[in-house]
Structures are given as structure tokens and as C-alpha cells.
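Note that the chains take the letters A, B, C and D in the order they are written out, and that residue 1 is the start of every chain.
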Amino acid sequence: MLLILNKNADNKEISIIKGKINKLGLEVNEIKELNYHILGLIGDVSKLDPGIFEAYKAIDKVIFVQEPYKKANRLLHPNNTEIKVNNEIIGGNKINIIAGPCSVENQKQILSIADDVKKYGAKFLRGGAFKPRTSPYSFQGLKLEGLELLKLAKQYTGLPIVTELTSLDFLDEYVDSVDIIQVGARNMQNYEMLKQLGKINKPILLKRGPSSTVEELLMSAEYILLGGNENVILCERGIRTFESYTRNTLDLSAIPVIKKLSHLPVIVDPSHATGRWWMVEPMALASIAAGADGLIIEVHNDPENALCDGNQSIKPDKLKQLMEKLKLIAKAVGRDI
Amino acid sequence: MLLILNKNADNKEISIIKGKINKLGLEVNEIKELNYHILGLIGDVSKLDPGIFEAYKAIDKVIFVQEPYKKANRLLHPNNTEIKVNNEIIGGNKINIIAGPCSVENQKQILSIADDVKKYGAKFLRGGAFKPRTSPYSFQGLKLEGLELLKLAKQYTGLPIVTELTSLDFLDEYVDSVDIIQVGARNMQNYEMLKQLGKINKPILLKRGPSSTVEELLMSAEYILLGGNENVILCERGIRTFESYTRNTLDLSAIPVIKKLSHLPVIVDPSHATGRWWMVEPMALASIAAGADGLIIEVHNDPENALCDGNQSIKPDKLKQLMEKLKLIAKAVGRDI
Amino acid sequence: MLLILNKNADNKEISIIKGKINKLGLEVNEIKELNYHILGLIGDVSKLDPGIFEAYKAIDKVIFVQEPYKKANRLLHPNNTEIKVNNEIIGGNKINIIAGPCSVENQKQILSIADDVKKYGAKFLRGGAFKPRTSPYSFQGLKLEGLELLKLAKQYTGLPIVTELTSLDFLDEYVDSVDIIQVGARNMQNYEMLKQLGKINKPILLKRGPSSTVEELLMSAEYILLGGNENVILCERGIRTFESYTRNTLDLSAIPVIKKLSHLPVIVDPSHATGRWWMVEPMALASIAAGADGLIIEVHNDPENALCDGNQSIKPDKLKQLMEKLKLIAKAVGRDI
Amino acid sequence: MLLILNKNADNKEISIIKGKINKLGLEVNEIKELNYHILGLIGDVSKLDPGIFEAYKAIDKVIFVQEPYKKANRLLHPNNTEIKVNNEIIGGNKINIIAGPCSVENQKQILSIADDVKKYGAKFLRGGAFKPRTSPYSFQGLKLEGLELLKLAKQYTGLPIVTELTSLDFLDEYVDSVDIIQVGARNMQNYEMLKQLGKINKPILLKRGPSSTVEELLMSAEYILLGGNENVILCERGIRTFESYTRNTLDLSAIPVIKKLSHLPVIVDPSHATGRWWMVEPMALASIAAGADGLIIEVHNDPENALCDGNQSIKPDKLKQLMEKLKLIAKAVGRDI
């Protein structure tokens, strides 16, 4: 950590800052030249609160030489993390497809979709039981009944299930029944939830918040990793920008950035990112070309009558076509599907 | 609600859509001209899920003639909501100042700051007990011990206390002890929390999420109001933009917009919005000039050694000066302080 | 065009608005129901100024049933526009690669790079002669001397040249020498320039401004098309968001959106979008997977000593590798390269 | 300037970088500790191209200890710049109001509005002659005829005139007739224009681009200042964000930031920022409370029939009321109007 001092910093102020550094068990390397005056901190700064020096008027800027995350950092963990879920591995050479409806609506719907997505090559079933919705007047999910239906679909198809946790009240049921617990974009910085998820031993699918930087996503992953749960899968699902044609702006650059900075697997949700079913295919293909480890895609057998997000759901036959194209793209980038 | 049909929509598709409208207990007004073909819905659409028609390929756009929030809407509630907390009213003619440290650090600190902010005219004491932090390595607050210290400060000064709830696990303690329960920006769309807060009878300070529109803020307020708790105070605290000099971009235009669309009181947090202590004064003055009902300001007796957000905290003597200027601005816009 | 009236609109106001509509030679279709009151315009509204009704207090919203662009609209021009430049076609089945240095620096540099990019499969040479730079202290390009060097490179290699026009003062020279005239992102809404470019018969490469929506990009294209020049190639090069790790956020969703809304070809600039050389490859692959018609890529033989944007330039041997991978991706989406 | 080296940087790479530094006539201060390895540059780096070191793989970050602008920097020019235009001073203690229609429409309109705004206290008349419009189908201004009408209005009222230059073709006419030449937001980074404006001796009103940071605004001012024209007035007019209720998001935090970083005067355009006439008053008051030196406000005698931006124009009687309130706010912050 480097403290760039203000040109007008006086000796008394600097001496107070040096005192604080020493109290933290660190040493100071002072560098003073015509154009700059710096205090470099020597010692283990890895767990220093980043804001700790920002209030001094004598300090112009605080420069972090190292990233603020440790456990999620590729520097300290050069190999890709591979996460085993039942018989599948996420983060290895094989691309994984998670597919299913936005929300579980009834037994017939979820069993039928589960059958279809399995038939066309998805290895995981997604489906919302508890649905966080912008409007209190929108369908809020079947809740625990939805969870039961997901379990039934798993029993019938063998597909591991992925569903979002919206309240810690149901953590136990999720740990018992769910194969990958999803943290939704709106809860990416719900730190109480992240801390609890760090204490369990289930894979967590952590979605990037629509206004979160990649660094913040990694800091949220750090909360889970630090708690002891190393099974974190990141998910890019679009960020909020001024462009209003799409629901969000899918930030595919985040894929190579995450791959460089971290060892964690990363998948893409083209359905929520775009909000339009006809954009799912091109964005799914682009995601794999950009290096993503998988996709989570909304599939519905009757989008016009879906209780949630029908506009961004593709029909099963569209998934079939997409899978054919994804195979070609995966091969082009040296991967299987 | 108006459904603008696609030019190529065929009769069969249109007939299916009309059937769905009728099944919802609504009637259809069909308007077909050279340049447009519209299905207008007749009947009570106020509780219709906004997404319900978006998946039809025959439909180009869904137009909402009315805002999606009802309880928060000024149309249905023309007078300003005034919220009584102890002896103060928020949302009336009088401007209210909430002040105090980012986080409660120890007894001496909170009592000293509480004394100071009371002396200079603040009517409420803020202070973080549970602190949501981007980094797991940052100070996370004194938690319940912090809450006890806030209660002590209230006992000594008589100032009602405002503090953030980060987990429903402590809701009972908050209902017992806290005068205004704050929902932080990161939890603005934590709907499980909002639903629970709708069931209690405490004033809620709902902060706008950094990537939330004003409409979404009002929809989150709607969750609380719909539950039966009508004491919601909104708070603008900056939105996320590309400008990186400030921590966030304070969106003061949101003040007149909220005042037009809703009857709820709205205050501003210039400390979190700017992230820099020397910007608190001009932005506080501008907020009141723009029509805000109050301010929530971070004040610390020793910002350089604050355990959190020292960079954006002003010292008590600065608060004193600010209060003098605020009085002049309040008077200029016809209000008291 | 639909005018959604305010609930409180009185008859006098409405009658004034109807009068205005009639004066424009249009008829009115009035629709009044319990929940809405609408004036629908009947007649040719295609050239109506969009803002013309927005100031009436009686009008809540103005809804455009049709897109505001005509010439650029796929509805009126269903087939893809293919632009012939020398022996190449942009917008057809074949993917085109434009490559070269950010700025032309000297004869040896540009000839060497031109040779290399040709050898590895680029069909066009890019190179900046006039360089718009954020800082007046940065290298501003060799200007006309740079243009001469580009012509020389074309003479040696046969590659058509693409370079940015920054001032209409040099339009004649550009028309004489340049094969595709680039309008930079910062000039996307320099309408005086667009109008002049509409009068010539050269292909124009129109880059999307970093804060422009796709619709605004199409409106800028409309300026050129309306002038009579139908050879417009659009270019996505990243938009400005809060994410600061990358120079801009590449909006690949814009590719399918543009393909749906317009018949114009669209290419991607992964170099400017990301600002980092190691991200050029994954983003180039993703662009073609998403349906782009080509790429414009910065290539430099000595990035460390480049006078401009070395950080985002790849070396020629990296281009060679990239071309191999691009071939596989192009094939996967049914295209050639 | 500090070059933070990569942990894995090898001696050969570092030696090449040092060589480059020396070739630039600068010396190197090398600092190597456990946690960081830095090359500090010693000497005059003020005119170094910021990108010059970014392409080296051995370099992780380039830190600018000093701001990249010199002429616009308050450090080198501590006193406020005051710009004299006829008998008025912009940037002194007195707040200046510029008012008038979006575009000049005809003689009667401009003379009537000019009369009104003068009567109510505006000291400058604004009015568009050449209008940059998103749509080629929108009214493009009366052009030179509009300029003549502005001159006539000046002759009648004595008010200095402010109007936007959209093409250098008319620079001579503007230098002859216009008192303050406006550079529109879309041309903020039209560097060819800025360079020419640096060579004249007229005050320039430089509007912030909707996606430009404050630093970029100051860099654009630097182009003009470096050319020798020191009469630059900055203008905040809203930035582009995801919030779509307002036309742009007025960034009032930019006022204290600009005042800290630069000596140049700064005014605010609440009309373009909000796009809604009823928000002009609260945002105008807030602007002055935040420390702005003036306002530029759209005023129209018949907004419903304005040829441009009627929705954001206030009527003359509304300006009268606003001026009364502005006087109170100005007084509250120790200024006159």
C-alpha cells in the first residue's frame, strides 16, 4: 500500500501518519522527490481495511498495489477451481448448461421442461421457488411447494437442481435439497447471507449485481471463501447502463477479466442479461467464445403464459438448436459440451 | 394498459391475446389504424403483473398508462405523508437533520458525538451497529454491543436513534430499541426484509440502491406500505455512474421527481453520495434548496481514526457551521430547520 | 404516434392539441376509457419532429409506434446492405478483418505492419493520421503526412485503407485517397460532419459514441443515408459504464439488436472497447459468435514504443493466432473469413 | 509519475523501461520492497503522454501523482478566473443568468423573449441558430438567419448573446457577432474545434459531454487554454445514467469538484439536464446553493409551440418567480445576483 502525500503536507501531519502505520505493526518507506512524496507500507497489509488512511488531509491518494481479495485471487491459487456437483464438473474443460423455467409453476410444467432440457443436453435444472420481484403485485413464486416440485423433477430426471435462496430462514431446506444454491443479483452484497453460505459445504452460484464491478463480485465471493466454502461459481448476467433496448448490458469482457484475476469458474446468464428470447442464442454463443465455463438459460414450454419472464424464455426446441451451435463454438475454442 | 401490436400480427395470435385478456376479467378496446394496431385493456389493471403480456411475438410494446405503484402514488394520496418520531415530524415544513458517526466504536465516541450533534441542532442520532462492508477484512461493526451504546446515547441525550438493519435475525431488538430502522442501499431490493418491515409499526428509512431508478425505489417502498406500515422515509444517497471522482453521483433531480410522484418524505445523504468530507456542505445546501425534507450526515470527532468512512465524515465544528448555512437556505425555500 | 393524455386534461386543452394535429395535415382518433384517454394520430407521421407534442401539460406521454429512423430501418429494407470496397464485400457472408496500428508513425512502421496484417489475412489496413486525443499533450498524429504513408502502404500491399476524419477541412483529400472514411466515436453526433458525408459516395465507418444508445447510432446513420450515401458500416466499440477495469464496456448485445432493427453491416472494435491487448482475442471471437460482420483490430509491431494506445495493440504473431481461431468460430456460425 | 511493476517483472524488462525513461530526459528512483516494486520518475513529467508506459507487460499500473491538466489546474492558478463580457463578470461574486429560447424561431419570438428575460434580470440572451439534433427530421435551426435575429435582439435589448457553434465554417461570423461562443455537449471532444477556439479571444462556454468525467471536461478546456484563449466557462448539463425519468442526471457534485480542481467559472444548465420545465426551478436553486457561478435557462413565450425542446422551457413569468427565489439562495451562500 502506498500513501501519496499532498504537496502541502506538513511534518506534523506526516509524523502522525507514520505513528499510525507503526501502531499497525508495519514499517514505513518514505520516498520524497521533486514531484512526489510517498509513504510506502512495508509488512503484511493483506488484511488492512482499505479505508483506514483515506481521511487524512495530508494524503492525496491511497494506492493498492495488490488486489483486496486473497482467497479469490488467482495469484495465490494459479489453477482453475473445479467444482464437482454430482457427476458433473463446473470449471473444467467441459461447458455446462443449466436450463429451466424462471419460476416453478406446477408439477406438469416443471416435469415437462426438466425432461426436455435433459433430452437436449442440459446437465442441471434451474427453476425459481422463491422469486424476488420488483413489484409486490407480481407472482412471488410457489415457495416451499416450488422446492418440493424441483425435488420431484430431480427424482424423475436425475438432474441436479439450482435455485435461488432469498432468505436465510430456508437455508436448512436448501442445504438438504438443492445442489447449487443461487445468490441472486440483488443479494450479491447481502453480506449476512454470504457469511452464512460460507459456513456450508454446497456449491454457490453467485450472480453479479447489476451495478457491481468485477472487483466487488470477487469481494463478495471472498466472503463465502473466507468462511470456508470454496465452491463458488460466478455468474455474469448484465450490468445496468443507459442502454434501454436490452434489460441489462451483458458485460462479456468480464469473462476474460475474471479468468485473469481469479481461479473461480464463471458462467453467463444470457436470458436475464438481454430480457429478450431472440437474443439468447447469439449471446450464448458469444459467451462460450469469450471463455465462459457454462450458461444458465431460461427455458419454458409456454412462454406466453409463463408466470414470470416469459419474454426472455426460449422454447425447448430452440434449446435443441442452440445446443447444436454451442457444440461447434465449444469445439472452436477447444472445449467440450 | 395498452398493447401495441406488431404490424405482422395475425388474427389467430390476436385472438389468443384477446382470450387471455378476457380470462383476466378485463375487456378489450381494439383500435386499428393505418399506422398502429392497439389493444387497450378496460377494467382494473392495477394489480396486473407488468410482464404478463411481454412474451407474445404479436405484441411490440406494452405501455403502462399508470404507474406500477399504488400506495406510494401521490395521485391516490395527494397530501404529503408526515411521520411522527418522538416529538419530531419528518415530511412537514421543518427540515430534519440526522447526524452521527458511520459506525459506533465505543461508549466515549458515541456519547461525545451525540452530545455535539444535539448541541448543534441535529434532532436524530445515526450510528452503525451492524456494518455491511464491501470487504470481509473491513470492520464489521460492534453489532449488538453497538446497539446498546446507541441506546445509552439516546438515554443521555434524548435523541431518537437511526440505525441500519442488516439481518432479520435482530428485527425484534430493533423494534424494541431503534426509532427509525434504516434499510441500506444494498438491501433496497431485499424483498424478504421489506415484507417483514411492512408488518411492524416503526418508521423505515429506505435508501435508494446505487443502481435503482426512482420508480424502483417507489416499488420497494410499496412492499412496505402494502404490508401495512405507512411510515416510510425515502433517502437519495447517490447512484452509480462512470464518474469516479466522487464515490457515487448524487442525483438531486430525484427530489422533485419523488415529490411529484409520491407523498412520502425524502431526505438526502450527502456523505455516502460524495465520499468526501469537503463536499458534504455544498451538497447538503443544494439538497435543501432542491426540496429535500432532511439530511443524514456523517459526523465524527476524529475522522482520521474512524473505523469506517472517515474520509466522508465532517467534524462537529463543521456541522455547527453547516447548520448556520442550512438555516439560511431553509428560509430561502420557505421552510424551518 | 399516440398521445397519452393526463387524467386531468380539460376539454379546452385537448381541443388545442387536436387543432395542432389537424394543422399538421393529420387526423385524430380519440380513445377514451376508464383508465386511459388517448389521441392517436392518423396519417404520415414519419417525418414529424418527435418533440413536437411534449410540452403540453395535458399530455403525459408520447408513444412512438414506429422507430424514428426510416432509411436505416430493416422494416423498409429487409435485405442486408452489402458494401463493396475494392474487391471485398462488407455485410455479406464473409467476415472482414481490418487491422493496423492506432496511429501511423513512420514509413517503416506502417509498411511493416501492413505487410504483416495482409499476410495473416486482414483485408483492410487501418491507421490513424489525425488522432483525436483526450490530452492536448498526447501525440496528435502525423496528419497529412500520415495520410501519405497510408497511401504508400496501400500501393505496396494493395490493401484498401481505413482512417478517421476529424475535420471537414480534409474531406477532399479523404475522398481522393481513403477507401473507408471512419467517423470516430467522439464525432458520432457531429451532425455537420455527418451531413457532408451524406453527400459523398464513399463507405463510412460510423463508430458508436460511448454514451449513445443503439437508436441514436441508427439516427446518426440516418443523417448520412438521408443525404444519399447508402454505404454506412456501423461499429460497436464499447460504451461507458461504471466498470473501470476495462476502458469501456463492449456491448455485444448491440450486434443482434442492430441486425434486427437495421439492414446495415456492423463490425466490432475489441481493441478500443477493452483497452487491453490480452482481451482482444476473446472479445474478437465473441463478436463473431454474436453475429458481427467484421472486426477492426489494432496491431503494432512494437506496442511498448507505440506513440498511441500500445496497451491495446496486439503483435502481428498474435494476429496470426487469432485469425486461426476466428476461422473456426466463423465456420461455427456458418460464415467464411 | 509512478510505475508499479508486476511481481514477475524480470531484470531485462525493467532495464528496457529504465532506458526509455532516461531517453525522455528523466531520472529513475527505484523502490523495491516485499510488497511492491516501483519506478518513480524524477524530472518534468508534466507534458508526458499518459499512455506512454501502459503497454509494458512488466508494468501493472501507472500512477499519476499530478493531474494531467496544467493550465486549467487551480494548483498553478489559485485565484478564480473572472471573465469579463461587456459589463458583466462571470466567475466573480455575482451570479449570472443566461436565458432565452432553445432555438431562435422568428423576429417576434426572439425580441419578445429577449425583452422579458432582460426585464426579469437575465444578463445574457441565449438562443440556438444552428441546432444539432438527434433526428435529421427535427428542426435544424434558422442558421445564419437565426444569428442575424440574435444580433437584432442584442441591438434592441443590449443583452450580450450566447449561441452554439456547430461548424468551424462559421467561426468568423461568430467571432464578429457572438459574445460567448458555446461548445455543445456533443462537441466537447471535437478537438479540431477546440484548437481553433484556442486561437481566438472570445469567451467560450464549454458544456460537459453527457458521458465525460470532470477530468475530461478539464482536459477539453486545456485544449482551449493551451491555444492562448483563457476565457473558458464550464457548464454542467447532466450526464447519462440508467435513470430514464429525467433526460440526463444533473451532477451537481461536479460544482464543488470543479471549484477545487480548477480556477475556471462553472455554470449549470438545469433545462437540458432535466428535460422537464417543472424541474428547472428546484435544480436552479440547488445549483446556486452548490456553488455554481451562474445558470443557463431555456425560456419560451409559447412552449407548446416551440420548434425545439418546449418540454424543458419555462415561461417568462416563471423566470420572474425563479429570479426572486434565486436572490434568496444567492444571499444565503454569500453572493449577489
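In this text, a residue touches a chain if its C-beta (ideal position, glycine included) is under 8 Å from a C-beta of that chain, and two chains touch if they have at least 3 such contacts.
For clarity, every value in this text was computed on a predicted model and none was experimentally measured.
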Query: Matching A-D on over half of contact pairs, by residue number: which of A-B, C-D or B-C?
result: B-C
- line: In terms of CA centroids, furthest away from chain C sits chain B
Cα-centroid distance, chain A relative to chain B, in whole angstrom: 26
Message: Quick check: how many Å separate the C-alpha centres of chain A and chain C?
response: 31
Numbers and ranges of chain D residues touching at least 2 other chains: 211, 240-242, 244
- request: Would you mind writing out the residues of chain C in touch with chain B in their complex?
  value: 1-2, 4, 7, 29, 31, 33-36, 38, 40-43, 45, 60-61, 63, 65-66, 75, 240-242, 244
Task: Within their complex, state which residues of chain D touch chain B.
output: 211, 213-215, 239, 241-246, 249-257, 260, 273-274, 278-279, 282-283, 285-291, 325, 328-329, 331-333
Query: Where on chain C is chain D touching in the complex?
result: 16, 20, 46-51, 54-56, 68, 132-139, 166-169, 186-187, 189-192, 209-211, 216, 219, 222-223, 226, 240, 277, 303-311, 313
